[in-house]
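Structures follow.
Consider the two complexes below, in which subunit A is the common component and subunit B and subunit C are the respective partners.
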Partner chain A sequence: MTALLSIAQLSLRFAGRDILQQLALTLHAGEVVSVLGSNGAGKSTLLKSILGLHDAGVDQSGQILIAGLDIQQARPQALAQLAYVPEQPAVYGHLSAIENIGYFLRLAAVTPTMEISAYLDMVGLPAHAWQRPCSEYSKGMKQKVMLALALAKQAKLLLLDEPNSGLDPQATEELNQLILQCKKKGMGVLVVTHDVLSAMAFSDRLLMLANGQLQPVLLDQSTLTLDSLKQLYQGQA
Partner chain B sequence: MNASPVWTIACNEWRRWWHARVPALLLVVLLGLWGLAALAAHHHWQDHARTVADVTLRSQHDWQSQPDRHPHRVSHFGDFVAKPLHPLTVIEPGILDQSGHLVYLEAHRLNSANFNPATEATSLGRFPLMTPGMIVQWWMPLFLIMIAYATVTAEKLAGTLAYMRGNGTAAWQIATGKWLALFLPFLLLLCLQGLLVGLWSWHSDQAGLRLGLMLLAQVLYMAGWCGLVVAVSWWSRQLHAALLTLLLCWVCVCIIFPRGLANLAQVLHPTQPRTEAEYHAEIKLKTLGDSHHPNDPHFAGFKAQTLKLYGVSRTEDLPVNYNGLLMQEGERLTTAVYREQQALHDAQLAKQNAQIRHWLWLSPALAMQYVQMASSGNDLAHHQAFIRQAEVRRYQLIQYLNQIHTFKVNQAEDKDTRVDAAFWQNAPRPTVSLAGIDVSRTTLLASLLVLLGWIVLPCALLYKVSKRT
Partner chain C sequence: MKHELILLLKQRSMVLLVLLSLILTSLSLQNGWQNISHIRTQILHAQQEESLRKQDYLHSHQHDGTLDAGEIGYYLFHNVYHAPTEWSFIALGNRLVTPYVQRIRLLGLQGQLYDGESHHPEYVMLGSFDYAFWLVFFSPLLCIALLHDLRASEQQAQRLLFLNSLVAKPAHFWFKRALARWLLIVTTLTLPVIAFATLHALSTGPLLLVLVVTLLYTLFWTMVSAAISLHTRAVNASFNAMLLTSLWLCMTVILPNLAQLWCHARAPVQDGSQIALQHRQLVHGAWDLPKTDTLTPFYALYPQWRDTSPVIGRFHWKWYFAFQHMADVRLAPQVAAREQALMQRDQATQQLGWGLPGVWAQRQLEQLAQSNVAHLLAHRQQIEQFHTQLRHFVYPFLFEEQPFTAEDFQQLPTFKSTGAD
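Presenting the complex of A and B:
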């Protein structure tokens, strides 16, 4: 089976510092992988590399394949396979949820298989909010719009950057359920997060990004303590 | 769902303007300003045109109505010449208000329009004028900056830029969509202005060519500004940085560089003020000769030569009026001196223009103004062409009158003689017409090249910065 995401020997150097070193990662359909790591470890940089969004001055080597397509050689086709949800939900405040999704689908030249409202319903956004400008939405509602967009785009791979940051416990729980829904639909999900508990709730695998490399992490929710978390982030797990 | 990403992005930008209210309001204010400027400029043009028509008519009538009189009195009766105005003056009056458009032509007197400080029109002396040309040159870029400085920076801060890029929208599509959103409203306004003026001035000389060049320059100018706004907005990480950078660009391109270039040219190649030029001409004339002085060497020589030519020993024995011959010789000398002074003045102006052209790439605003001024027939080259035509007319007319003085007025009864009015009515007064636009070809070429470069610069900058998210 072709991996939805395949990263091999990815190294990245910026401003004289090695951010990623010979990093490797494989993610299959229906799999949720969470990447943990301390601030500045390079988690968001890894996502930028997958999206091919690095600024000038970044020295990158290695190979990234999305559904078998090389991001460097076939960027538009490769990006058509994925949906990316940034930390700050990127919706236009002057547009409603339906208009935002319509706009980004038009940019991606994607025709959804269902009405846009059906996707919003699927992610649990209240119907009364669908036509209201997104400037009136909470962060959780905006996250739902972005996930509805990912579903409407019929993406195979979903990239989430700190999806739970700034969400209250109820919104976090709703989002975790949505990620699991995506997994059930056969999507591959890569999550970059600080929220270890949520990651444990929806992930098939946990990876720690430290010293530019990904290491598998085995955690038991019943024995997880603040000290063990500290040790984990200090690379002593 | 079939709209291209570029068009989709442009439409979303307009929607953002509409939703934010302020950009939409600014566009409305700009439209109102342009309307006011058009009305004021039209009124101003009508005033000029009416004056030109009235003066031409009255001057013709007064000239033709002269009674039988002495030709020298006629030569001081004078003749008014009005500079023909192109209808595009309504867009760009150029140096018209500085140089004037009426000239009084008189015997051995300096043409009243010579040595005017015409170069002052390149400076900010024209700032209080409100014309459509000025709206395009100064106000449109300023309003564009206020409307759109945040066009990409805001997307960056909101994360939508990275989101679009990360979901497959190419940087060139975003840049083109943004540029199109900024450019199309201004293109529409410029085309509307061109259409209205075109319909109104189609009958005039070289209307299509002049209007086409003006529109081309305006379109290139605004296209460049739109590109710069998108590039700087993309380059900036903060909204205030984008605004301040663009305002700095505007101040440099529209205010500091044009003013600085005009000042630099005047310092490096100074022109004489009118009074100084007249003073130098008078000094030169005195060294050449004084016809009223009996022992003046030049006129003594002229007298001897004339007597020898006619084979007589006294001026009283000449078959022609010696006073008329003196007038002709005096006019020839005076004109030569004035033309020499004029040539010196023109040479300095040419040096100033060459100096400004050399650094014109610093200010596309000045380049655009030059094309507007040339297209409307109100630049320095057109003014100088008018001055030359007026001077030719003056010289021909005065020498015609001097010849009548020479051949039709009996020397013995010189002061009491009246010549038939038919002579004035048939006097040569060649029509002064607006010079063809080719008189400004050097300036036009340099300016259009600068404006083409002005398009390339933001594109290169945009290409460089569009990798940023």
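Presenting the complex of A and C:
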């Protein structure tokens, strides 16, 4: 089975500093992988690399395949396979959820197979909000719009950057359920997060990004303490 | 493209900006039109007044069915008009600071031409709110307002990475975004012009020129704004706005003014009022000179009148008009030098247009409106030709002392402005 995301020997150097070193990761369909890491560990840089974007002056080597397509060599085709949801939902405040998704789908040159409202229904956004400007939405509602876009785009791979940041417990729970829903649909999900508890709730694998490399993390929710979390982030887990 | 325009027009601030631009463009056209209409009305009134005045003169100055040619030369004023063309409203240029109706007599022309030389200081300083002014000075600000944060606004909303993850070719995406904004700007500028031209049934050739100038000038500012706002380091909207407005200030105000100062220093122009003063001094001085000092050089220019009856006594009209004309002749080199200097300035400004798009756009519109220096000088030449025509018509009656009949009076030349519609 072809991996949805395959990263091999990814190294990235910027301003004389090694951000990523010989990093490797494979993610299959129906799998949720969470990447943990302290601030500045290179989580966002890793996401940028997966998206085939990097700043000027960055020296990158290695290979990233999205559903078997090299992001550097076949970027348009590779991008069509994935959906990226940033930490701050990227919706335009003056447009409604339907207009936002319609606009983004046009940018991605994707024709949805169903009405946009059907995707909004799938992610549980209340119907009365669909036509209202997104500036009136809570962050949780905006995240749902972004996930509806991912579904409408028929992405195979979902990249989530700090999805639970700034969400209340109920919204976090709803989002966690949506991630599991995506997993059930056969999507591969890569989550970059600080929220260890949520990550444990929906992830098949937890990885810690430290010293430019990904290390597997084994955690037991019943024995998780504040000290063990501190040790985890300090690389002593 | 359509979805980019919809995205823009869904913003209330953008709708307000578009409406404001549409209103101000329409106002600039209307203001130009009103000024030109006023000029046309004044010219029409002046023409009617001239006709009545001349008829009145004919009735009140006839003695035994004839008139005195000398009195006609001295007392009868002839109107000369700087008539606007169909598209003069687009760029008022020099029209508001130079007289559009002047009254001249058979006296020395240079003393009369520069009588109205003093420019209205407010107009000279501020210019007038016409389409050219609006386009050249304010449309760049529209471009800056719509394009300065092209990338920075997305970066600020933390949407940049997301957008780049959606589009296959980011350069193509940004190009379409900038293009949508340019189209919006162009629409707000050209739509009122097209509507105005249609409403007043104006000719399409000049309309096309106005549209082309508008498209090219706004395209330049769109490209400059996009180049700065899409630079990879241009992630600060305030900095971009400051940089672009500084550039706008330099390119539309500071550099053209400095260049104008340089042009003025390089080609100094004698003030017209100085020429008028010198003319008056020459005329006044001629009263005290022996008549031969005036008539000998005059007859050298007009040998056909040399053998006419000699001037006897203290005063004769032909001596009077001869010294009036000789004052013109003596000042001719100064007048020619002044006009040459004005043309030099004009040519220097034309060359500046290749480096300063605002100057280029202004000149194109003033050329179309016939309100530039070249047309002003051409108008002066028309007046000179008319004055010569008038002199040549009256001279035989003066020098050969032929009777000037009412029929001759009706044959007096009248001024026809070639710039008129």
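To be clear about the criterion, the second predicted complex is superposed on the first by the 237 of 237 C-alpha atoms of A that agree within 3 Å, B and C clash if a C-alpha of one lies under 4 Å from a C-alpha of the other, contacts with A are read in each partner's own complex, and residues count from 1 in each chain.
Please note the rule applied: contacts are C-beta pairs under 8 Å (C-beta built on N, C-alpha and C of every residue); 3 or more make two chains touch, one makes a residue touch a chain.
All values reported here derive from a predicted model rather than from experimental measurement.
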| item | value |
| --- | --- |
| When subunit B and subunit C are modelled together on subunit A, clash or fit | clash |
| Partner chain(s) touched by A:Y103 [first = subunit B, second = subunit C, both, neither] | both |
| Partner chain in contact with A:L79 - subunit B first, subunit C second, else both or neither | both |
| Partner chain in contact with A:L95 - subunit B first, subunit C second, else both or neither | both |
| Partner chain in contact with A:T111 - subunit B first, subunit C second, else both or neither | first |
| First (subunit B), second (subunit C), both or neither touched by A:L53 | both |
| Of the stretches 291-299, 309-317 or 363-371 belonging to subunit B, the one that collides with subunit C | 363-371 |
| Those residues of subunit A which subunit B touches in one complex and subunit C touches in the other | 48, 51, 53, 55-56, 75-76, 79-80, 82, 84, 86-88, 90, 92, 94-95, 103-104, 106-109, 159 |
| Complex interface listing, subunit C residues touching subunit A | 3, 6-7, 10-12, 157-159, 161-169, 173, 232 |
| Subunit A partner contacts - residues on subunit B that touch it in the complex | 1, 3, 5, 8-9, 12, 15-16, 19-20, 158-160, 162-170, 173, 464, 467-469 |
| Residues of subunit A that touch subunit C when the two form their complex | 47-48, 51, 53, 55-56, 75-76, 79-80, 82, 84-88, 90, 92, 94-95, 99, 102-104, 106-109, 159 |
| Subunit B contact footprint on subunit A (complex, rising order) | 48, 51, 53-56, 75-76, 79-80, 82-84, 86-95, 103-111, 133, 153, 159 |
